[in-house]
Amino acid sequence: MTFNAFLSLLHGAGVTISVSLAGIALGVPFGLALALLRWQRVPLLAPLATVYVSLLRSTPAVTLCLLIFFALPVIGIEIDALSAAVATLTLNTAAFNCEIWRSGLMNFSRDQIEAARTFGMSGPLTFRRIIFPQLWRTCLPSLVNEMTLLIKSSTAIAVIGVAEITRAAIRIGAQTYDPLPPMLVATGIYIVLVLVFVGLQRFTERVYGHAGGAA
Amino acid sequence: MMRDFSLIWQSADRLLDGLINTVLLSLVGAALALALGALLAIPLMASNPVLRLVSRGFVDLMRCVPFLMLTYLVYYGLPRLGLRFDNWTAGLVAIVVYNTAYMAEIIRGIWSRLERETIEAAVAFGFHGWRLVSRIILPQVMLAAGPMIGNQLIQIIKDTAFLTIIAVPELTHAANSIQAQYFIPFATFITAVLMYWALCMVVEVGVYAVERIAERRR
Amino acid sequence: ATLEEIKARGYMVVATEDDYKPFEFLEDGKPTGFDNELLVELRKFVPFEIRQEIIPWSGILAGVASGKYDMALTAVIITKPRMETLAFTTPIADATHFYVKRKDDSSIKEIKDLTGKKVGVQTGSAQLDKLPELQVMLDKTGGKLGEVVQYGSYPEAYQDLALGRLDYVVNTIINLRSLVKDKPEVFELGQAVSGRTVPAWAIKKGNTELVELINAFLAEQKKNGNLAKLQEKWFGQSFPDLPVHFEP
Amino acid sequence: MTDTAVKANDISVLEISGITKTFDDKVVLDGVSLTVARGQTVCLLGPSGSGKSTLLRCVNWLERPDQGTVLLCGERIGMRKGGVVPMGNAELARLRMRMGTVFQHFNLWPHLTVLQNIIEAPVHVQKRRRDEVIAEAEALLENVGLADKRDAFPSRLSGGQKQRVGIARALAMKPELLLFDEPTSALDPELVGEVIAVMKSLSQAGSTMLVVTHEMGFARETADKVVLMDGGRIVEQGDPEQFFGNPRTERARQFLQRYVSA
Amino acid sequence: MTDTAVKANDISVLEISGITKTFDDKVVLDGVSLTVARGQTVCLLGPSGSGKSTLLRCVNWLERPDQGTVLLCGERIGMRKGGVVPMGNAELARLRMRMGTVFQHFNLWPHLTVLQNIIEAPVHVQKRRRDEVIAEAEALLENVGLADKRDAFPSRLSGGQKQRVGIARALAMKPELLLFDEPTSALDPELVGEVIAVMKSLSQAGSTMLVVTHEMGFARETADKVVLMDGGRIVEQGDPEQFFGNPRTERARQFLQRYVSA
């Protein structure tokens, strides 16, 4: 592998990082919003969220990406490749995150919510002050699971010409007929990247592990 | 578009073969990954730091490695060490090893936030080891983790699609073959998505049933 | 878009692949290869701007089908099923199918030795469609086609061939020659296993005016010798007797 | 004991009438009516499963009764004027804010420290000034003997300690009506005395309390009115002297007898 | 009251000596020694936070004491012979199986019905025959007045009902030693009477009990020995007549005084 090839891998890594971060930053709160709709059984919106989750979870990311990029313009919505990539990852991960948040919400202590209500806390205030500070800790391992999957599956966006790490590696391999070295380097980059998230999870668990617990 | 679908109808047998492979791989993969994931959660929660470190190392490694890469390693790498699987087995091994780690982490996450008191009560009544895990802890975890485990089961179904690179003739493999042959991507995708959707529905019905059971106990 | 629409808006969009050496690939991030050099000439030929998108094969399929790209400027092999949805330009090369085998495998010497052996091809590829022709050849010697394994792309098939999971792989002469040149110690080129096969650029079916414009360009390239020069440069040989219209 | 007659003339802080509640075909409350006048301390007695907790939960509308009305200082809880349209959450919250509840199972918030548990609602619901609330909370903690646990998390407290935090948390709201669900059931006798002292001083300061309890001593000494429930109904109510000295119903006699023998 | 003198001559079912336990630099138990003879009922009294629950938790080794030994029928708990090597979980479980615990906060298993909660350990730990255990469990449920809640889940029970299930669950183990952590704290007086009747009959059938309680009446009537803890130490122990009638220490006098006044 030449130095230039390595540079193009690094460039791919930059694309993967920025697209993944955008997907996570948008997808995690979007998933939470969907979960709240379902948890509160909001009429009309809750069933819609259910169908959304069901459909989006079963659509492969590559397919979703192609549909967004190539099919949306047919109905008059023009979208550039990078936005389509971020939209793909966001919409996809939000469906999975919704289920994670919902799982946490359903298991949240009813007694604590009741205590909050008797103290006159409104729904949003209860959520902000009582539920969420505990909820995210319960959901963290699974959320990070989903983040790792998102980063690794972000290669799906290559199909519309966004050259992230894997695509960069494939391009190098296609040129040299020796796919292994660029693939190994790409894998190494993935491992380092995901390790940052996993490490942050472990660190957070250590810091917040002691406070709380069941009252 | 109608003509596209009629072209697909002509290749229905290929899609059906793919679907059967996908179902088999998902079913066996999911069952094994869930069972092994539950087992792996035990060392993850162990008080012995060595056990904990080793199992966590495995889990975090799997979470870091791209699934495609793992599949490559199992299929093309292991033969160099003298371990040779056919593509179906290699695919299954990759799916199980990879998803076991994810399942274990999901289960550990819920487990670590179970009410300590109910577990202590069980310990005080003489439960320990596997029986404590299987009778008191896992049932509570499974009831609480329904949607999260459902997520991962759906990931397994979709992971089978990656096995197309090692020539496992599953659903995506069949769909790709048809779309490239006739150059009709969208009709093929829609057909495939509908088929995957049907499979995921099975998972969703299961998750819903678990939620019902859990609801009655809350 | 039709030629009229293209002229009106002032540009056309073509899609090329990024991992299809020697037709199109990237060298230090810059597109190069046979098709990319032709694209330089095409830009000079047409009276409008040409925008290029570099996309993997599966994206090209979807893009041309949806009309986002006006032309797949890549070596799309002309087959009957594809002609149902696509229009093809004048062929740009010869892509008759050959087989490749492991160098150390002495059991295969000629076509009839292929009987019952395990073959790898790309899924949904033209190569797959061509296998019946090999079947016919084998029939003549009383043999039969062995198990067919379909791969997502060729590099994996070559890997499995090297590992001994396959006995031979079928692909176009151009690709195989390029492969054998790179890995002479592992692979060895065999004989032709199909009749004549040609690749061309693909345009959405019905867009005849655009096809005609591109055909005019290719005819000019043929006449001024540039096409032959590029074929020589990238494929190691030229194909002077390519048909203008090809019916598979 | 304070003068019941005078207090009863005041406006009722709580007026429960005809509350019925059914769980899975099982009638848990069966037409319960009860009033608590300003400044009164009403004790709710009754065997396990008689519906005492459920009645309290109906008062702050955690449980929606099937029938009946609950009025807090004349304002209807849970239903808008007219009694057909259910109240919005914001309205409910405003009414609930005026009641303080101490739960049978404490229900402390595990992610907050003792002090944070206490100031949470006054600061974020009542929007009172943080430093002022903290000062009050510290005084309350002093009162219930937990000044040193100020920054501990609930999981580190013993049962009695948790319950005392629960009481402090309810008091910090300065509520018009205090609801207690067995506030002393997990406290040892020493602390029961202290807590009762706190409650008495509250009573004198004009607070109104509805207390579910098994502490007959407390009921006898502190209550202005004693109510005995059984099987979802009120079987007897009256002032404690009469109730404990000379119960009118057979059921009450039976209930008290067991108590004396235990 | 049964004859303490005779019982004390029997072998000790429980022998605690010199237990010390520290949490974050805070000494919670400070050299506690205590024996419970076969058939004895020992009541543990003391103010909140004095370490009563922690002592019980040390007995079944849920909490590992820093120092001291616990013997169950002469067998050391938590440590292998020699007292250096900690016990394996299986060994510990075998010993714990012989003790039944009723928790202050019930700690029922939420995923199991009332009946399943009761039969879980006898069937799966003690490996007794299922139908036999079910029959016994039903009889126990009858005893504690919960026959109709057989198939309900714990979340649907009132506080007192949960506590009674907890008691039935412990009794179903037919344990050699029963540990109660405030078993009656959430019960009404009527039930306290019933539960105490159950406990008395157990006592007569030869069961041995260590009971943390705030019910002075119960301690006075049922205990063979009363132990007062304060600040992690035993400040006084003796037979109930002497303890309640004529306490030796100032601390006990003070403790009892509060109780009487409450």
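The chains carry the letters A, B, C, D and E, assigned in the order they are written, with residues numbered from 1 in each.
By definition in this document, a contact is a pair of C-beta atoms (placed from the backbone, for glycine too) under 8 Å apart; a residue touches a chain by one contact, two chains touch by 3 or more.
A quick note: this is a predicted structure, and the numbers were derived from the prediction, not measured.
Visitor: Compute the centre of every chain as the mean of its C-alpha atoms, then state which one is farthest from the centre of chain A.
Guide: That would be chain E.
Visitor: Could you quickly compare A-B and B-E and let me know which has more C-beta contacts?
Guide: A-B
Visitor: Chain B to chain D: how many Å between their CA centres?
Guide: 50
Visitor: Taking the mean of the CA coordinates per chain, how far is chain C from chain E in Å?
Guide: Inter-chain centre distance comes to 83 Å.
Visitor: When the centre of a chain is set as the mean of its C-alpha atoms, what distance in Å lies between chain A and chain C?
Guide: Distance between chain centres, rounded to whole Å: 38 Å.
Visitor: Where in chain D do residues touch two or more other chains at once?
Guide: As it turns out, chain D has residues touching two or more other chains at 105.
Visitor: Which chain C residues sit where two or more other chains touch them?
Guide: If we look for residues of chain C contacting two or more partner chains, we find 58, 62, 65-66.
Visitor: Specify, in ascending order, the residues of chain A that touch 2 or more different other chains.
Guide: Those would be 66, 70-71, 213-214.
Visitor: Pull out all the chain pairs that touch, please.
Guide: Touch list across chains, by label: A-B, A-C, A-D, B-C, B-E, D-E.
Visitor: Looking at the complex, which residues from chain E come into contact with chain B?
Guide: Within the complex, chain E contacts chain B at residues 60, 62, 89-90, 92-94, 96-97, 99-101, 103, 105, 107-111, 120-121, 124-126, 153-155, 169, 173.
Visitor: State the interface residues of chain A toward chain B in the complex, per the touch definition above.
Guide: Touch residues, chain A against chain B: 54-55, 57-60, 63, 66-67, 70-71, 96, 99-100, 102-103, 106-107, 110, 137-142, 144-146, 148-149, 152, 155, 166, 183, 187, 190-191, 194-195, 198, 202, 213-214.
Visitor: Taking the touch rule as given, give the residues of chain B at its contact with chain A in the complex, in rising order.
Guide: Against chain A, the touching part of chain B is residues 56, 60, 63-69, 72, 102, 105-106, 108-110, 113, 115-117, 144-148, 150-152, 154-155, 157-158, 161, 172, 185-186, 189, 192-193, 196-197, 199-201, 204, 211, 214-215, 218.
Visitor: Please name which positions on chain C make contact with chain B in the complex.
Guide: Chain C reaches chain B through residues 57-58, 61-62, 64-66, 79, 81-82, 84-86, 120, 123-125, 128-129, 149-153, 156-157, 159-160, 163, 202.
Visitor: Enumerate the contact residues on chain E facing chain D in the complex.
Guide: Checking each residue of chain E against chain D gives 23, 45-49, 53, 104-105, 156, 158-161, 164, 182, 185-193, 196, 214-218, 255, 258-259, 261-262.
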